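As structure tokens, here come the structures.
Each of the two complexes below includes subunit A, the first together with subunit B, the second together with subunit C.
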Partner chain A sequence: MNSAALQPPSRLWLAALLLLCIGAALFSLHQQMPLAQWGALIWQPELNNLDQLLVYYSWLPRLCMAVLCGGALGLAGVLMQQVLRNPLASPTTLGVANGAQLALALATLYAPTLLVAREWLALLGGGLATLLVFALARRRGLSPLTLILAGLVVSLLLGAVNVMLMLLQPQGLAALFIWSAGSLSQNNWDGVLFLLPRLAAALLLIGWLVRPLRLLELDDSGARSLGVSLAKLRLLGLAVAVFMTACVVSSVGVIGFIGLAAPAIARLLGARTLQQRLLWAPLLGAALLLLTDFGVQYFAGNSSVLLPTGGVTALLGAPLLLWLIPRLRLPAGRPQLQPATQLPRLQREQPLLLLMALLLLGAAALALLFGLGPQGWSWVLDPQVLQWRIPRILGAAGAGLMLGLAGSLLQRLTGNPMASPELMGISAGAAMGLMLLLFIWIGAPLWARLGMGFLGALITLLIIISFARRHAYSPDRLLLVGIAIAALFDAVKMLVLSLNDPRGQSVLSWLSGSTYFVELPTALMAIACGVALLLLCLPLARWLTLLPLGESTPRSLGVPMRAARLSIMLAAAMLTAAATLLVGPLSFVGLMAPHMARMLGFHHARGQLLASALIGALLMVIADWLGRNILFPDQLPAGLLAALVGGVYLIWGLGRRR
Partner chain B sequence: MFQLESVTFAVPERTLLQPLNLTLPPGEMIGLIGHNGSGKSTLIKLLARQQTATAGSILLDERPLHAWGEREFARQVAYLPQQLPAAESLTVRELVAFGRYPWHGLLGRFSVDDEQEVARAMELTDVTRFADNLVDTLSGGERQRVWLAMLLAQHTRYLLLDEPTSALDIAHQVEVLALVHRLSRELDLGVIVVLHDINMAARYCDHLVALHSGQLLMQGSPSELMNDACLEAIYGLPMTVIPHPDQQSSIAVARA
Partner chain C sequence: MRRHWLRIFAGLLLWLPLTLHAASEAPYSRIVTLDWGLAETLIGIGVTPLAVADLTNYRRWVGEPQMPPQVHNLGLRSEPNLELLTQLKPDLILITPQFEAARPLLERIAPVKSLAIYRPDSDPLQTAEEITRELAELTGHQPQAQQLVDDFERQLARLRGKLAGQSLPPFYLVSFIDERHVRVYGEHNLFSAVLARLGQENAWHAGDNYWGYAQAGVEQLADNPDAALIYFAPLPLNTEQQLAGSKLWQQMPFVQQGRVYAFPPTWQLGGLLAAQRFMGLFEEALSDE
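Here is the complex of A and B:
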């Protein structure tokens, strides 16, 4: 690839791509309207002919929209990558799109009048999200990986808020989807006319910025010594990129991955200099989106199903990202929540473990008996009420225990303090398995749901490990695979929900991690499963102690690597699946609990496993109790609340000074 | 004794080790030398079972490497990788105790014997006074000695060391190699060590094996290899060997 990279991209590719697009367009048009009418369409559309009307007011604007949006996102991606010198920066990975979408959703629900200036609203949301990402990553020198990680955390957090909105305002659900799913369908030229002047303005600005931007290919000191004001240039470049993203989001919603994929493909095809990439990425982005959209139109046909193209691009983009990861050259950089030497160490672990167990029991008892009722805060001893609360508390505790344990196992398996079921996409994998089951087998029994969740989690974990092995488990690749899988899951979720199926609502409440529907058998299963797996994992402590040392040392000490890895992976997948079944895929407990255990000074594998399990259970019990009482009589799902708290904790952990 | 019979190692693009026949006797300190990319690191990784040969067979005590059980092999051969892993929040004693894994296994008790072996290993490498310090807070030379102690706690017959001195200054290089040399004598250990510095190799090793482009170029005692012609063949650079001012040995300097 090295020698090829020095060549400018061949025009052959361009021609082939253009031909492909034209071919697809002609084919699509042919489906809309017989050949005989084409001439008439161009010269003078007959507005009483339905076919021509449809083509003129729906098909054609949609085509233009795809080209404009794809191009704009591709361009925004190049700009962000150049400005941040980060091959993974893009509107989706930096949380810009999600921020813009959330701002629009909030406005739709609470202040519809503001929607007049919707692109500025989206700009505000996207800008704020970007600022948040930056504030997080800044203290660590904006290293590429930290930035992407911060972007992931912010996106997950915004996603959680979004789900909360949907739950609190089910009547506004449909409106929210307009901003989230990325449907390109048009019924007049307004969208195109809205987008065109704004993108043209952005394009002008970019043209003016090209020369100084090129210098950013040097490192900071190099560019500065050539007399470029880096801060201003970065700010301006980013602002333009965010603005373009905001415009796209405010007219069609979030379109995943084009902004990441187009520049990356351009690079792989050999576009090396900034000018080449600025030309190629928008073209590729437009072509990608256009072709995807034709595909969507073809497969959706004339059925009433509104298949959002943005979701489909994310669906296609995730495998693409997986394919790209081994081919990307990333600057080194290890995001760590906490440098090694500052960690406290406990001399004796038992007293603190005992204390934590007591604390958990106390919290569970409190959550069971005390709460907000119709008469205000009160103690309840009524068995009628308690029989509702017991399963929830048991379920929450079991799920938290399992997540804490799974996170601890994964961090030790990979030697990576950022590994967790949530960030590695394992929870998402389990959730995909479960969602699939919900649609093919309504009312599937517990064992089937558990089995499908386990299968999803295990497949995800196998993909991740097989990828990571090739790169010696470097934390960045691990997280990237996780990002790709999380994005895939997001796309699947959006697509499922946009099908407008009645099952969607139940999926949604489960996804957000409500313990509301947990019944006693399930809860008991969770506790039993968690405790059993905990007991099974404790004897593995010696492997878990040696594995973080990397590949060669454990091997030379005679650890059977395959068997060790496989058994830990199986346990982690099982734990994640069971926990996901109870509280949904997003909670950050699997990341938080092991981290807190380390901060408390548990550094031996055995103590850390026990401590994270206890902390996880405690966190979930508290989250469940808060969720029941915070907005009484409304209820917030425990998983969602844990995710919100966890996101804030993570942001604090990431942002702390070294 | 390690016996290699037409051992090859290849990755998709190229062959890193051509068919190699070699016998490495026990109880000696053997230095692997050669230019960058000559295959010396590959060879030591094959011996340590960190990688599997593409073709050919490696025998340890007349038994193929793959026929040894994981822990059984780890009780015979200890290996120190070139890049030491980060030992996050581990004390020296804890790290050295890892060397006992091949003996007690996953579930076995950490016995008095194990404890004594750990103490002995720390004694031999003179790290007992750091026993309760964190490994990551030690200096490079101290850390290298701690890892050596872990290898000694493994109580093997062979030590395989991949460039144990590459990150150390000259004083610590001498310190570590002298220690390894002494241990080899006192404990009758077979040591196979990859070394960059020909003078260090000549001074501390009993036997040198020179590789070039993945092939065995020559082998012999340091005095046999320390001459202008041999060194030029090994490193592809004109070298001059001059007598050491104070010692019996000789030293090589680059002429170019």
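Here is the complex of A and C:
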């Protein structure tokens, strides 16, 4: 099989890659140990010579671990892509790795005895995450992009839970900081011996599955006519891939993007058939992880900073994904997010809007006056206590309003009901700008933070626009770019957190969307800003009504396409930046609010904008109140709670069949 | 309608803080603190703080000195509960520079004072002494603070004399993050300063951060084959078993030569009391031999 599978140019690549790895390995070994001892290491390792001991019990197992994990992830990626016929499927993009990691984190904190069987625990977590993704995506027949978007939603949700654990147990979870970013460092052969038999078993299964899996390259009816049970085959293939991921996660943590990159590069290098890809992707995955790890060891080996390799691969992976997007051929199929139950189209929207406004005011008043205090649940009228609640409620409402509005704009713009500031990476861009600021200028004033957040959102938006223009503003590509940026942000965040700097704690609390530091002027400005932008957006209603109809209809009706798109995008970016500044990047309000507005029957652009804004504000006010009270005196961030509630809502709302 | 309301409220709120607390004078008695090191130093000079942030984790990570049960829990250190704080009516709020972000908010409740045990390029032990005296000034507990400092110095001199004749190895000071990673305390650390005053050497020379620690793989602790190892509890789960099964760990020089010392939880970012406790544990560990 090998010689037939490898075409001449491929052989050349393989040789080059092998040489590169060997060269890097020799160089790294040379740094560990003088040349004179190499012979002794091979022929008779001396157990009292520390250099040799380190090479034998630390350097060498680490190298093996990198090869095994990289290979396993590459293989898992190919399997997932083949089974789902989706070139973007991978352990990280489907949320499998995050699920496995969260299961382990929860066990560490609350049921440590379960850790005896950690790979099965990780398998359970990864499996549940996969199920969630499928529940989210199944109503569109698992079209590739829907699946990836569902994976992102689930990853964000699991990430929110993870962040909450970290907030509540800062010291105890120092290990999880490193672990969620995948550190390969070893001090014995246990890890390798743990992984080896499990991967071998998985490999045997794959060998047995190769022939039937090839049939999946045919279309469904063709495969079925050959007597293959497609559902069973897919399930088995996916289970093997999830198992391999779980094993890797339970031994070294989450290693980002190898599972996506290796199969993709293999394909680009000319591996076409399934056998070729099954051979090449693990090799490439192993080489990628090995080289990254040598780089990490070389640059951070003896400094006081511990660089987790998995975080670095994720960091390198995001630009790779950006580079891949234009080169991918995706089957058509647009993700849909139709409300499960939908009220009839509203004839008159004003009464319901008024009712919602009253509801918002009522909720705000309740959130202001009622809550936990030193004497338990109580009504409070003491202005000295209220002075803390007012800015938080106003800030939350303002942020929710802006996010609802931004989500509504983006969904109309792309004609895609799963577009939102969170899923398009605009929030992530704003957050990256702010995170940078928190580290270079502690206690930066509001204007600086606003500026940096804005800059981040704007740069993200420019990247998205430049990509989108190349593809005639195709909504699919737009979302993919967003996914890449969200992934990049996740990698940066994990790296920052794994540095274990006490400043990380404040970054963490801000990132999870706390209204704690919102002061009255800021809060009032947020409300004013949101209302002003809302008023500015209302005249865009005509464009917003026509744009989702596609390319030709609005053009024929005289809509200046470019100007319309750019102005809507700019408004969405401004809204997102301001909201991110207030409550962080982590909430599903921008996705949830427009969805709920549609569910209530708002179909006209104008009514939908207003309703989304009101619902967004209401959601955030409720989230903020919950955050202040459920773990009193600990305060949970509003954005985090909105994300948790929102994630559950989405899974419930989307999973139900109509 | 709604915005009109808001304007009234805003006006009210902007005016409120100005009329609050006319600057009260020392000595303060209702003191709250966000920092565990300051909290333990307060206990050390005989002052019971009104409230301390994140008491749940204090009990787990700092342990000694124990906080009396009447001390209120202020919630997470990064976001102390302002409503609760307001209702407790403190007369002084003590913070460290890492909580500076919350200062504008806290100042509306009571005067805020920031005290830093860790400053770049200063001896943390010396700063810890200064801070003990400052806290004494603020609370009127100068005699107790003098007592604490004297006790510490006496204990230090005695132990230093006792160790003078012996030649002890350099010490690694670490906390385990998991079985593969440690947080290792370098020259800017409080305990490292105690070691130095005792005439002993810290084995870690590869640099540390502002708070005096670095993160490292366990294998990096083999760099100095003559060193001994001190590690602080609590240990993450299963770490002991996993280390026991690790060949490299078994071959680490300090394990081979039986120079590993386990210390109970001691706050590595603490003050004079933590330093004193460390010194006591150090003496105990050495005399067990």
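Observations on the model:
Quick note on the criterion: the second predicted complex is superposed on the first by the 604 of 658 C-alpha atoms of A that agree within 3 Å, B and C clash if a C-alpha of one lies under 4 Å from a C-alpha of the other, contacts with A are read in each partner's own complex, and residues count from 1 in each chain.
Here is the rule we use: a contact is a pair of C-beta atoms (placed from the backbone, for glycine too) under 8 Å apart; a residue touches a chain by one contact, two chains touch by 3 or more.
All of these numbers come straight from a predicted model, not from anything done at the bench.
Contacts of A:P112 after superposition on the shared chain: subunit C is touched, whereas subunit B is not.
By the touch criterion defined above, A:H603 reaches subunit B but does not reach subunit C. In the superposition on chain A, contact is made by A:L546 with subunit B only, not with subunit C. In the superposition on chain A, A:E217 makes contact with neither subunit B nor subunit C.
By the document's definition of touching, of the two partners only subunit B reaches A:R555; subunit C does not.
Judged by the touch definition given at the top, the superposed model places A:F632 against subunit C, while subunit B stays out of reach. Looking at the complex, you find that subunit A touches subunit B at residues 340-341, 343, 345, 415, 539-540, 542-543, 545-546, 548-553, 555-560, 603.
The part of subunit A that touches subunit C in the complex is made up of residues 47-48, 50, 53-54, 57-58, 108, 112, 115, 167-172, 174-175, 178-179, 183, 185-190, 302-306, 361, 371, 373-374, 380, 382-385, 387-390, 394, 442-443, 499-503, 505-506, 508-509, 514, 516-517, 519-520, 524, 527, 628, 632-635. Taken together, the subunit B residues at the contact with subunit A in this complex read 48-50, 69-75, 77-79, 81, 85-90, 98-99, 101-102, 106-107, 134, 136-137, 154.
For subunit C in complex with subunit A, the residues that touch the partner chain are 2-3, 6, 9-10, 12-14, 16-17, 20, 57, 60-61, 72-79, 81-84, 86-88, 98, 100-102, 104-105, 108, 177-181, 183, 186, 206-209, 211, 213-220, 222, 225, 236-238, 242, 245-249, 251, 253.
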